[in-house]
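The following pair of complexes shares a single chain, chain A, combined with chain B in the former and chain C in the latter.
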Partner chain A sequence: MNDKIRNSAMAADPRTLVDEKIVLAFLSASLAYVLIAMLAGLLYSLQFIDMYPFAGIEFWSPGRWRFVHTQGVAYGFIANAFLGALHWAVPRLTRHPVLDRRLSWFIFFAWQAILVATVVGVLFGEAQALEWGETPVWIDPVAQLGLILVAINFLTPILKTKGPMYVSLWYFIAAFIWTPLVYAMGNFLPEYVIGGSAAGAIGGLFIHDLVGLFVTPLGWGLMYYFVPIILKKPIWSHGLSLVGFWGLAFFYPLNGIHHFLYSPIPMFLQYGAIIATIAVELVVTTVIINFFGTIYGRGDALRSNLSIRWFYIGMVFYFTTCLQCAFQTTLTFQRIIHFTDWVVGHAHLVMFGVFGFWIMGLMLYLLPRVMHVDEWYRPRWNHWHFWLTGIGMLIMFFDLTSAGLVQGFLWKALAPWSDSITASKPFWLIRTISGTAIIIGQMLFIANVFMTWRLSKSGALQSTPTQHDPTHEDDAGAPALA
Partner chain B sequence: MTPRIESRGKRITILVMAIGILIPGGYGFIEKLIQFVRTLNTETGAGFTIIPISNYFLIAAGMACMLAWAIANGMFHDIEKPKYTMLESEAELDALNHGVGDERNHSNG
Partner chain C sequence: MFETKSGIFLIAGLGFFMLAFVVMALIPISIYSGESEQSVEEIAADGLTHEFVDLAERFPEKFNEYFGKPDPKSYAVALRRGHKIYVGEGCWHCHSQFVRPVSNEEQRWGSVSYASEYENELQRPVLFGTRRVGPDLIREAARRSNDWHIAHFYEPRYTVPTSVMPSYRWFFDDDGYPNRDGMSIITYIQWLGSWQPEYPYWTGEGPPPALKADAAPDAAGSEENV
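What follows is the complex of A and B.
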């Protein structure tokens, strides 16, 4: 059978194109990790308000549980969700299945094993002394191999496509090339090759490249896919989207050292990182303009479609966090906010407020399709999930940003350290409360997904996935099929 | 979905934004990059400069090759076309999926 006939046969049968079970498996794992990571974060936050229940027990050391929080979000929640969404988007965009379904399942189980080993490793004190790279050293080569296999599995269908590629595929190609390189740079160079503050500079590059060259291209790529297909409207300008892509490709890689401003790293490197960051923020503007140009005239979708609402609230947060980034990387801002909770607020907004929100939106779209249901178990729970998470995130961001300013100005005024602790306590209490609201939201969503899945198995909710959009708000008031 | 010709106003807007954003961003960035490279000649800065610079050039060189390949293969020839073909392809897959679903429901029922 020649390629043309085989390709058209695959395109004609969607069952051979997308492995829906692997999409469901990755998305379910992502939901499990978001809960684990958030509970670890909640536990960690309790020590700030003098309520830590396991003080003095090494295994329950808050520092170790912080690693579970950060690693769980990056590699458990975000990576699993992106892998699930990619198993849907890449075959549909290319009209070719991934290289091998067995390889996809191998990657799935290997990735979960890596995550479990990471959690167990860091809890037993095996953490590597690298921010965002705390995975124990013996896991690094396995994770590196996993990332290469992911790239091979997805790049094969992408490289089979003919003619001008859609922007999402550009972003995916870049992410599949960048991510293994970034992981190798951040985990092997400082560990085995470079020492001292030069290793710190590499650590800075790694932290930010992980966000900018792994999470960002996959996030943007997925948004450029999901927003138009849900709105059933092409993006405002494909040309502008490519301007954003190539701008990111050339400006981003030097950003990371801005994490170590006012450090022993030479100032010319710090200045370079500041300039590169501001250049990227200008590029980001093209993306924001494009997405808001796309929804222009379809604003009703923000009210009527929950996925679109998650996506666009995430984009507002994205613009906020990027604008914040352009200012906060200047030395003027750093004088005040360095080492304060401002940075923690910023990190939460970008990792969860942006990418987490986009993931929730795409899960709302994908899960009913891969479970073949026409209705959620409790549609209203999805709205509670949205509002609890959205309001919780907003409060947490403003709370931590304010806390950072209070701390920064107190330190600048050379006030006693204990004064800044006393002043921070109310902010830390609000952080814990807002975090709890976010966790309750995730629990509701997970419960809804589980019950919907259970009913789908019994056939009670079974239907054709494309008959209507279950994220549509009009369905929220419809009687739930329980 | 029939591909539409983009309006002249939109094309001008995109061009102005592309130039207005990329030129200042690019100028600042390239100017700083040149400074980095110059630092390689200094005794104190060379050790610190070479690692981030070589990392950057490794990634940027790959991207530059990809850009050249894309231009040579006509990827930017009809730059707005992919956004229409993507939606058409999705609609076609949804229609096919619908058919599969109908078939499955029919056989279940």
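What follows is the complex of A and C.
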């Protein structure tokens, strides 16, 4: 892939293809939102251990700050980071620039305005009652338009390509079609058109498709691009790539109703959703095998390259969440774990443990390249970032999963409700502590990015631009580890 | 087909998405299309809850200022506002509205949820819920008194010492009486399940009805004995 890019006349200077400033802008916005969203989550968690600092103040209502947490992660952290990485990857994969750079910048500022409006809106009590669709109703049409513009901006260079397309582009094309459709389905149908249990089915499709048809295909598309580039090895099996893509495309959209099992939604559809969910796990296994086949023989990269380590730990977590999902979606598990912290643990592992980890790996790879530096301000801090985040994530996952079992069995035993609260409090304390570890990790990373950027401005870490080819991959990937 | 733009665009992108939409959304929509959706006005026309009238009697001046007379028209106004607060404050993050047929939930909360009770404007989007930190609320009507809710919204620890629910002081005037928002949210909560033929009576504290033979619940103090 890389040779193709390098040999192409169009790509003689990759900088005519890639607007590095916009990559940096999106990644910086993403880092700002990961901090905001995580601090909101930390604040919310304090309510559960009786330590909420702003009790009784309307603006600081914990329920409203939970919106900031979930919306900030989905649309601030993950969407911004993916848009940044796509501005890097799509022009390189297609050898065409995006449709219009001014459009990219317009999307950047519009998207940040949408995010700010969302945060302000939910903090003033204007939220909608659908997870990840909480964006106030008056922002929904603007966000919808933004997603369509994103699709147009990226699909244009993809449609210009001739000949066979690389795996990443399959995922990107599908994601650019799915995302606006999913957003429209979730934000307009249950609010204006459909009511009752059928709207529950659509709500289930929306919250699941947002993960499965927006975040997942973009995430995997980026993995298919960056892993081979950093490892300097092709993907192990083209056949498995096909199985993974088409399996995901077919089964993932059918999963949504598994969010409302034992609900008044028709039972045969609930069974269908369960079977489709278990099928997804089988598809995921093929993708995981493919990626471990790719790194086979280059296991040293896990040690020497921090980006690869983030990617592959994320993949291990991905396999874990999907395996967990294949069990928790069964009616047997649902009896106990539905409505408990088990599900919260699952959500954290998939949104942060997988996609958050991949994004961190992408940042480690991309940020030095778009800032034109050869090393980080403090390479050690990046290791601290990894270990604090990784250990914090693991503790949070096991803690919430165990808490869910305790809660579920206490409920089934008809214990007084307050017993389940009392029993949960130690788990909630550990959640806050593990979350704090994760936040400290992100703060170290953000501080490192900021200091590196400042030094890049002063030229202290600057490499001579002519020598720096952003498509050049050293074994270490992230320059800090060279 | 599997690697071409048109194949991915049309089959994976549009085709599979539409297939899933037909199967997983249009089928339930068509199944429930016979159930017409009630508007808030129609709900209110079915009759007021005792608790709404009780608020009017308890706080006559404030009630009159906020809602006027306790009639279907003012009831609809209060329900709508209460629902907006329930959604905007994220109450549904910690309270489900959905009794499942498993895990002894019928004994704890009352009869299992059925499709038609979600066919109304106040279930838009449907409030099945996502997590139960606090109890389910779809069978909450008349389970507890207005007084209990007033004390509980002001400071949840006054009625449930172990509670982790936030205190909602902005539902109250400076004199400690519920304001427009406070009365609206209480009206909304006391409506949830009021359409049931029989109100459940177990508060979730003390022994459940199923175990009554073993230990009779202390009717007067069951809520305090947590």
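Methods note: the second predicted complex is superposed on the first by the 453 of 482 C-alpha atoms of A that agree within 3 Å, B and C clash if a C-alpha of one lies under 4 Å from a C-alpha of the other, contacts with A are read in each partner's own complex, and residues count from 1 in each chain.
Following the convention adopted for this analysis, a residue touches a chain if its C-beta (ideal position, glycine included) is under 8 Å from a C-beta of that chain, and two chains touch if they have at least 3 such contacts.
As the structure is a computational prediction, the values presented were derived from the model and not from experiment.
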item: Clash-or-fit label for the pair chain B, chain C on chain A; value: clash
item: Which of chain B and chain C A:G297 touches, first, second, both or neither; value: neither
item: Chain B versus chain C as contact partner of A:R92, first or second or both or neither; value: first
item: Partner chain in contact with A:G247 - chain B first, chain C second, else both or neither; value: first
item: Which superposed partner A:P164 touches (first chain B, second chain C, both, neither); value: both
item: Touching partner for A:I177 - first (chain B), second (chain C), both, neither; value: both
item: First, second, both or neither for A:A279, with chain B first and chain C second; value: first
item: Residue contacts with chain A in the superposition, chain B compared against chain C; value: C
item: Which superposed partner A:I265 touches (first chain B, second chain C, both, neither); value: both
item: Partner chain(s) touched by A:E191 [first = chain B, second = chain C, both, neither]; value: second
item: Touched partner set for A:P141, first chain B, second chain C, both or neither; value: neither
item: Chain B clash site on chain C (candidates 2-10, 74-82, 164-172 or 218-226); value: 2-10
item: Footprint overlap on chain A, comparing chain B with chain C; value: 164-165, 173-174, 177-178, 181, 185, 189, 194, 197-198, 201-202, 205, 213, 242, 246, 249-250, 253-254, 257, 265-266, 269, 272
item: Chain B residues within the chain A interface of the complex; value: 1, 6, 10-11, 14, 17-18, 21-22, 24-26, 28-29, 31-33, 35-36, 39, 44-45, 47-49, 51-52, 55-56, 58-60, 62-63, 66-67, 74-87, 89-90, 92-98, 100-102, 105, 108
item: Contact set on chain A toward chain B in their complex; value: 11-15, 17, 92-93, 95, 164-168, 173-174, 177-178, 181, 185, 189, 194, 197-198, 201-202, 205, 213, 225, 228-229, 232-240, 242-243, 246-247, 249-251, 253-254, 257, 265-266, 268-269, 271-272, 275-276, 278-280, 282-283, 285-286, 289, 372, 459, 462-467
item: Contacting residues of chain C [partner chain A, same complex]; value: 2-5, 8-9, 11-14, 16-17, 19-21, 23-25, 27-29, 31-32, 35, 37, 84-94, 96, 98, 100-105, 107-108, 113-116, 118-121, 123-135, 160-164, 166-170, 204-206, 208, 210-211, 226
item: Contact set on chain A toward chain C in their complex; value: 47-50, 52, 55-58, 61-64, 66-67, 122, 125-131, 133, 158-159, 164-165, 170, 173-174, 177-178, 181-182, 185, 189-191, 194-205, 213, 242, 245-246, 249-250, 253-254, 256-257, 260, 262-266, 269, 272-273, 331, 334-336, 338-341, 343-344, 407-408, 411-414, 416-418, 421-422, 425, 428
